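Chain nomenclature is as follows: A, B, C and D, assigned in order of appearance, with residue numbering initiated at 1 for each chain independently.
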Amino acid sequence: MLVVMRNDATDSQIQAVVDEIERMGFRGVPMPGAQRTAICIVGNPGPVDDSRLLTLNGVKETIPVSKPYKLVSREMKTDPTVITIGDVKIGGGKPVVMAGPCAVESEEQALTIARQVKKLGAQVFRAGAFKPRTSPYAFQGLGEEGLKILGKVRQETGLYIVTEAIDHTNIELVEQYADIIQIGARNMQNYSLLRRAGLSSKPILLKRGLSATIEELLMSAEYIMSGGNLQVILCERGVRTFANHTRNTLDISAIPSVKEVSHLPIIVDPSHAAGRREYVLPLARAAIAAGADGLLVEVHNDPTHALSDGPQSLYPEQFAQLMKEIRTLKFMG
Amino acid sequence: MLVVMRNDATDSQIQAVVDEIERMGFRGVPMPGAQRTAICIVGNPGPVDDSRLLTLNGVKETIPVSKPYKLVSREMKTDPTVITIGDVKIGGGKPVVMAGPCAVESEEQALTIARQVKKLGAQVFRAGAFKPRTSPYAFQGLGEEGLKILGKVRQETGLYIVTEAIDHTNIELVEQYADIIQIGARNMQNYSLLRRAGLSSKPILLKRGLSATIEELLMSAEYIMSGGNLQVILCERGVRTFANHTRNTLDISAIPSVKEVSHLPIIVDPSHAAGRREYVLPLARAAIAAGADGLLVEVHNDPTHALSDGPQSLYPEQFAQLMKEIRTLKFMG
Amino acid sequence: MLVVMRNDATDSQIQAVVDEIERMGFRGVPMPGAQRTAICIVGNPGPVDDSRLLTLNGVKETIPVSKPYKLVSREMKTDPTVITIGDVKIGGGKPVVMAGPCAVESEEQALTIARQVKKLGAQVFRAGAFKPRTSPYAFQGLGEEGLKILGKVRQETGLYIVTEAIDHTNIELVEQYADIIQIGARNMQNYSLLRRAGLSSKPILLKRGLSATIEELLMSAEYIMSGGNLQVILCERGVRTFANHTRNTLDISAIPSVKEVSHLPIIVDPSHAAGRREYVLPLARAAIAAGADGLLVEVHNDPTHALSDGPQSLYPEQFAQLMKEIRTLKFMG
Amino acid sequence: MLVVMRNDATDSQIQAVVDEIERMGFRGVPMPGAQRTAICIVGNPGPVDDSRLLTLNGVKETIPVSKPYKLVSREMKTDPTVITIGDVKIGGGKPVVMAGPCAVESEEQALTIARQVKKLGAQVFRAGAFKPRTSPYAFQGLGEEGLKILGKVRQETGLYIVTEAIDHTNIELVEQYADIIQIGARNMQNYSLLRRAGLSSKPILLKRGLSATIEELLMSAEYIMSGGNLQVILCERGVRTFANHTRNTLDISAIPSVKEVSHLPIIVDPSHAAGRREYVLPLARAAIAAGADGLLVEVHNDPTHALSDGPQSLYPEQFAQLMKEIRTLKFMG
């Protein structure tokens, strides 16, 4: 249930509603909007008796929520959520580009690529320090050493950092270095990690699972938001189908579908969808044309020697071309 | 195997190569290119002895073809195929829009919609006279009466007509009225129909099957081309996956994938992919941005009373918006 | 709508109901059951006024049918359909085994295999004379010559013949030679072929399409039955998924699902599902254990030289083992 | 690489090989077989120089391993692995039945169901204390209280306990109460959990992810085994496809496929595959007929009031029937 406050409701009136919801045994999450604040009741196993709430000062009305998710829903909050990191706004109309290698391999590699993508217009640097790999024998990332390198990248280039946390204890370390914490596709339903991410003060980039429905993706975002962290960025990165000409099938319709039912921003990772750099540019253009709020792109200065995901990493020249094409599209709408 | 002719090869030299291939028990299909003609040998169960061919006048070289398809392949013909219907060029760089209702329901309905989409910039009118329907009890189209109405639409509006043929005998009737003959997704591997389409003088619009790989789509085009009809337009219309927020999952990567391996044009049907008109515009924009040669869009003046596919048909106003957005994108590249 | 006749209704009373339904502009299909006959009304676009029908002699009641299919439905006919071909009963409780090569390659090949599978207990011989192949350059079957060979196989071995018809004109030839006419997976929604099969006096073996839902499979059976041919055998042969350890994913749950909603028999083709002979035996055992009415199995005396589907064809010794294992299971229930 | 020891190799010779492998910078895992012991080298990024190893006493030969997994592989260990828990042997030829409710709801509920399934022949009791749920607002299990109830179930009924651990810290608690630790489908690629499971002394039941290939399932088992815990039981529970007549599509071919490439036992969960109790029995029979080493079945005394998975839980009478049918099949082979 949603408690909608009047335009002129004061902070103390909002707090009084939250307190009352807690007395009822549930939890109230205020969600400020451009016009007015709504308070979402979570933790209720069934219908809620709203008679007491309706008598409180500043309350305009209550609205039952029909979807299995609440906090992620447009029913709940009609304005699109804009996530601000320094001077970068994700969901603010202008696509944000996050670029970098699959994994941090060395300080030199990270800095080289970071300088290149910065110069070409990327705003966020992506690179993994902890890598979930299908094989226990594959390169698993540099760990904390990798995070420290990412810290230097930020310091030197001014790029913000997005990097992956792989479990609910590991995230403590990651959030010391990252500006955005990534939760990978294989962890989309790792609920311990989601709950812990809900307690973080950093924005979370949540990637869609390989066979997750849009509803399941939103439910996983709901886990994070129900913990108090309302800064969630969704990411479409292709789903698993019978089709074999790409690594995954980019579900471009995820963009309008998410935007219809949720206020959260959604970006696209064309690299993991394609699996081959030859297809990354057309998929990136399609993503922006379909309304994506940004891109997460793999770029490597030496893809043939990359420790992971080489075949899908762009050469810097290709990334330059991508940025050019995206800019043209961007001024379209 | 491919026999590549020299730039200055004469028509009679080309014919001599075709004749020699026939004497060897196979068939030779000349494929003219901008620079030179290549002749594809089809019908050979295995490797071909090219020693005799290499001695003929005008022959530059022979190239073994490694893919299971030949005539559709870029190995065979590097220039993109452009299909010309009157003043419309499909594959010529400027996206072509084919629009209209799912089915011809009456002369008035067809003419009303045709005038609207013509005015808004569509070049081809799409509407089914023969409708393959999942249920034997559903509306199956007006049949020949529907084709006659399409004839009037062309006469009155100047729009070219694309309409579906449903089997290898029915196509005889359809090709009398259609400018482009559509083969539907459920018939993509109806080989009797494909073979007959290969004998037609009309271009064929071949839709990808619900669970066809790109290679299978190309093999079906190869059936048509191996019969002598080289005018094939491919169409991505979404594939069947677990995802349930759309009727089908638009595989946007089909566009760069087809363009990489084939010279044939490919258009996109965002209506059948989406299944809901709300998603048609973003999918259409994505298709054009990814490099599609055109769109096949369902438009209806009264979708709520349409006899089929109402929920995915655009209102004329929405189609106007689509045309406007596509035009902006078009000038981008 | 279903018109249920009383136990003691006479043939002329049944005919009077059929006549009345025709006067109403629809068609009545009598479906005799063990206890009583029901008459299904088909061709009605919406609800039917049953007031006149309820006054006719012998009519017990009318039942609205809620599913999109009618004739295939258990609502319509609770007794399982048993299809009788000579002394073979499909759907009669004892699994029927149909075995043979993918394609007729020669008289000697067909007769050799037929004698072997006959000796080992197969009741029906399977082999294609017309082969739908993904590539236009692949072996397409011996055509009518192949059908004549199948005629000799029946004459010499006493095996009944199941073989594929590939379009609505080709079926005329096939039905002269076949005891059961197969409609392949790629033609499951070739409605011209389905309609023509509905006019045949021969039983139809309808294979599930690569990405067909159970409802779509039943709707295709409904096409055949609505034409008057009530003898339809369904066949599960695996569906297309992301899984890559088999050619297709055998959907074993199709068996209880079909049996729940339909009275039609269903058999399983473990060969096309597996794609590798190593998995055919366990899949065949699973099919029988799950309640399948029979098997369609590829057996070849020389699989390494088979013109098609060699890797999934059993050696005769493996087929002997399969028959032994099936027999053990068969006495279980 | 695999170092195969001679039949008569002594323990100290085996240890010497392990020590030498460690000196080379890798790790050696001895895998005892019925005939002889093989030592698997893990941790090597590429080919290993075996010249020194071949000179050690007791070494018969070295074998390069071509698959991405090693410890799970039949190349590595040809005898099937049998996991022994008290008097229960999983993989020992006789199917093991694990039954119980989705979740522990109360002591009374758990004990009631446990007594029933024990009486009917189940050997292991399944019930979740920690439940990964799609919605943050759904019942998440009783937690440690649930584990304590499971402890009482074991004490009172003598049933062994299988229950789920949901992350790498939670597993410490679970392994105090469980005889088998379950890793759920959504955690199949939670590598932190897999690594921690590799340090446990309890057998691990690893469920296949919703869209995991067989190779990915085996790689996840490899994570566990590479940590030292060789007791892994795989579980097929249906995969996600387009098919909508079941909750998931049971991939029955997973059984022969796993058995071909791995020595690990595999059981089947027909309840989650079916999603409806009506299909559980045929799927269970199919699983056993295909060679599964056991079943994991949901049984509830009052499914309509179950807090989760009610529609797919068997009534005790249905479970009695399942046990009867499985027994018949069991004596078959």
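Just so it is clear, a residue touches a chain if its C-beta (ideal position, glycine included) is under 8 Å from a C-beta of that chain, and two chains touch if they have at least 3 such contacts.
Everything quoted here is computed from the prediction, not taken from an experiment.
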#### Entry: Chains in simultaneous contact with subunit C and subunit D
A, B
### Summary
Shared touching partners of subunit A and subunit D are B, C
### Message
Using C-alpha centres only, name the chain that sits farthest from subunit D.
### Response
B
#### Entry: Rounded Å distance between subunit B and subunit C, as computed from the means of their C-alpha atoms
34
### Query
What whole-number Å value describes the gap between the mean CA coordinates of subunit A and subunit C?
50
### Query
Could you state the distance in Å from the CA-based centre of subunit A to that of subunit B?
38
### Task
Could you list which residues of subunit A touch at least two other chains?
211, 240-242
### Query
Okay, in this complex, where on subunit D does subunit C touch?
211, 213-215, 239, 241-246, 249-257, 260, 273-274, 278-279, 282-283, 285-291, 325, 328-329, 332
### Task
In the complex, go through subunit C and note every residue touching subunit A.
211, 240-242
### Query
subunit A touches which residues of subunit D in the complex?
42-45, 68-69, 132-137, 139, 166-170, 186-187, 189-193, 195, 210-211, 216, 219, 222-223, 226, 240
